[in-house]
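Listed below are the structures to be examined.
First chain A sits with chain B, and in the next complex the same chain sits with chain C.
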Partner chain A sequence: MGEPVNTEVIKERLDAAKSARMKMWLELCAHCGLCAESCFFYLAHDKDPTYMPSYKVIKTLGEMYKKKGKVSREFLEETLDIAWGKCTVCRRCSQFCPFGIDMALMISTARGICNTQGVVPEGLQKAVANYWAEGNQMAMTKEDWLETCTWMESETGEEIAGLKIPMDKEGANIMYTVNAREPMYYPQDIGMAATIFHIAGEDWTMSSEGWDDTNLAMFAGDTKCMTHVVKQTYDAAIRLKAKNIAITE
Partner chain B sequence: MYEFIRGPLLWVAFIVFIAGLIYRIAALVNLSLKKDQVVYDHFSTSWALRSIFHWLLPLNRTVAQYPVYSIMTYAFHILLLGVPIFLLAHSVLWYESWQISWWSLPEDVADYLSLLMLALILFLIIRRMVAPYARIVTTAADYLLLVVVALPFLTGYLAYHQWINYHLMVILHMLSGELMLILIPFTKLSHMIFFFFSRAHIGSEFGERRGTVTW
Partner chain C sequence: MELFAKYLREGRIKIDPEKRIKERVTYQDPCNLSRSGDLAEYGREIISYLADDFVEMQPNREHNHCCGGGGGFIPMGPPFKRRRMESGKVKAEQIRATGATLVISPCHNCFDQIRDLSKEYDLGVKVKQFKELITETMIIPEEFQPKEEADE
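Moving on, here comes the complex of A and B:
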């Protein structure tokens, strides 16, 4: 709080994001307001126009470009409130805009810029730290992860004879990945998935690394960590020579 | 004065209009080659064309959500292009200069359509002032552009009926028409061409990458 804003960095990010698409979108919006009805925030707040998509983009990324990055910390806090508090980046507005302006991508860009100044919702900051520490959003250690899988294998194996949870098996057809909340809070989910794979006779495996398929870093606007998270999973699939990656849910 | 506006200035307006649009497109494509590789990676001609088709015609969910506004804006755009192109008085000028001619609207029909156009513009202005979701994003430039579009129709209507001052109205009519042409490449009126680029992209983005439609 109260720290100075590095407007140089913001300017750099704005310039980097100024693709042909971005330039066109910034110019094109006819302020017609037809995106309003596509937004569930707008509908859920009695059609309060401050919740409509184009307004939220204009007030955040639009202002940043207008001011060429010279924005205050108060402005960034307000942007946090809009870009995270009033938008889930579901992208429905991008589908309903007559000009096809990808407003969700623009809100994502605004989030990324807030991120460079440490203006990010606390829960997401924690998740990003966890990804860097242990490779998953719950900061679960490799030991705990492997132990949970072994535990589920023996527990589910009591009901279904011969059930296995193959870890780090090379050349499998499917490398199955999970949400890190599953081993943490709902380990039975892993047992259920294993049951399905077992009954279906699928050739599958799970990796000891890169097994978390969530990417909260993406929602935090942290491109570096976001890449790190995806890369872990791809690296694991390549290392295990898996043919497909399946994700949970 | 009349000769100058009808001659050299009209050439200037047309050249700025066409060269301006070509320049804007070239600059956009050039920048996209450097910074929008992802667009080319996932581009799909069929998804792009379908996306454009569904929005050139009222075949999308947004239109269904806003029926009144949609009817108004479709009428607005059709008249904006149709009335000047098929106006008898304009046809005569084309014939005088280039010996080319095509079908024209009956004069009284064109007259009513011009009035309808002015009414539509008034509707669009009032809507911007009244509808909360339009009002909150509306800027002065949005009103100004509607005025720029209204002027050729208003002055043309007044000139046809020889109201106020015929000579002055004809001059204002040509000037306002030329102003609009010159402004197209450099204002939001550029959506006349960028609409196609933008729709082609989002159609491919959702269609080719995610298999879902944007209409």
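Moving on, here comes the complex of A and C:
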């Protein structure tokens, strides 16, 4: 709190995001209000106009552009409250905008700019640190991950004859990836997926690295970490010469 | 999810007709799948193999509402929990209107959010993913039955 804002960095980000589409979107909104009723935040708050998607964009990214990046920390805190606390970037509003303005992308851009100044909800910041530390949002160690898979293999194997959870097998048709919440809180999910793959006769594997298919870094607006997360998975698939990557439910 | 639909379509996984789900079910379209991923129909296809009484939420598919837990809302934790429950009102009403007692959602975020909403709005619904429902209802061919049982 109270740290100065690096408006140069914000300006750079705003310029980089100012594509032809972005310029058009910033100009085009006719304030017709058709996006309002598409938003569940607006509907759940008795049609309070401050929950309208267009309003939320104008108050955050719109203001940033208007002020050419010269915004205060207080402003960024207010942006956090709107961009994370009043929008889930679900993209429903874009479907109702007659001009096709992608308001969710604009909110995501605002999130990314907040992120450059360390203005990010704590829970997401923690997830980003976890991705850097262990490659997954829960900071589960490689050892724990492999142990969980072995445990699920032996437990599920008691019910399904011949069941294996093949780790790091090369050349498989499917490299299966999971949500890190599964090995952490719902390990039986891995057993269920293994059961289905096994009985369907699938040629599959899981990787000891790059196995978390969530990307909370994307929701945190952290482009560097979000790229890192995706790259880990693709690197694993290339290393294992997998033909396809499948992601969990 | 595409794979599960394919396994069922190709008969690589078969559902036991006796075990088909009898209670009323509805389907929560995850934004990343049904809106951004164009996978809405696969969900319906899988359900057609699993359940007898399926009722759509209104609206549905790419026009369905977000569960209210997406975009990082759930991992944002306790400071945002109250808001998450308040804005989830729309989803709670959508679910209640279907009369379903089981909500299927192939997304961990939706899963956690709907479970929380069920408590908050007293919806009395369970939430399950396809993996769980498929393994509960599928036929385990004899060669996959555990050895001990086969010996008995």
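Following the convention adopted for this analysis, the second predicted complex is superposed on the first by the 249 of 249 C-alpha atoms of A that agree within 3 Å, B and C clash if a C-alpha of one lies under 4 Å from a C-alpha of the other, contacts with A are read in each partner's own complex, and residues count from 1 in each chain.
Please note the rule applied: a contact is a pair of C-beta atoms (placed from the backbone, for glycine too) under 8 Å apart; a residue touches a chain by one contact, two chains touch by 3 or more.
These numbers come from a predicted model, not from an experiment.
In the superposition on chain A, see if there is space for chain B and chain C together, and answer fit or clash.
Overlaying the two structures gives chain B and chain C room side by side.
What's your read, chain B or chain C touching more residues of chain A?
C
What is the contact status of A:Ile101 with respect to chain B (first) and chain C (second): first, second, both, or neither?
The first partner, chain B, only.
Could you look at A:Pro49 and tell me whether it touches chain B, chain C, both or neither (first, second, both, neither)?
first
In the overlay, answer first, second, both or neither for which of chain B and chain C A:Val89 touches.
Only chain C is touched by A:Val89; chain B is not.
A:Ile199 in the overlay: touching chain B, chain C, both, or neither? Say first, second, both or neither.
In the superposition, A:Ile199 touches chain C alone.
Touch check for A:Phe41: first (chain B), second (chain C), both, or neither?
After superposition on chain A, A:Phe41 lies in contact with chain C alone.
Return first, second, both or neither, reflecting whether A:Ala133 touches chain B, chain C, both chains, or no partner chain.
In the superposed model, A:Ala133 contacts neither chain B nor chain C.
Is A:Lys23 touching the first partner chain B, the second partner chain C, both, or neither of them?
After superposing on A, A:Lys23 lies in contact with chain B but is clear of chain C.
So after superposition, what is the minimum Cα distance from chain B to chain C, given in Å?
Between chain B and chain C, the shortest C-alpha distance works out to 5 Å.
Jot down the residues of chain A that show up as touching in both complexes, chain B in one and chain C in the other.
95
Name, in rising order, each residue of chain A that touches chain B in their complex.
Listed in rising order, the residues of chain A that touch chain B are 18-21, 23-25, 27-34, 36-38, 42, 47, 49-50, 52, 54-55, 58, 94-102.
Where on chain B is chain A touching in the complex?
28-29, 31-32, 35-36, 39, 51, 55, 61-62, 65-66, 69, 128, 131-139, 142, 188, 190-191, 194-195, 197-199, 201-203, 205-206, 212-214
In their shared complex, at which residues does chain C touch chain A?
Interface residues on chain C, with respect to chain A: 1, 3-4, 7, 12-13, 31, 35-36, 62-63, 65-66, 68-73, 75-77, 79-80, 83, 86-91, 105-108, 129-132, 134-135, 138, 140-141, 143-147.
List the residues on chain A that touch chain C in their complex, please.
Its residues touching chain C are 40-41, 43-45, 84-92, 95, 121-124, 127, 137, 158-163, 174, 179, 181-182, 189, 192-193, 195-196, 198-202, 216, 219-220, 246, 248-249.
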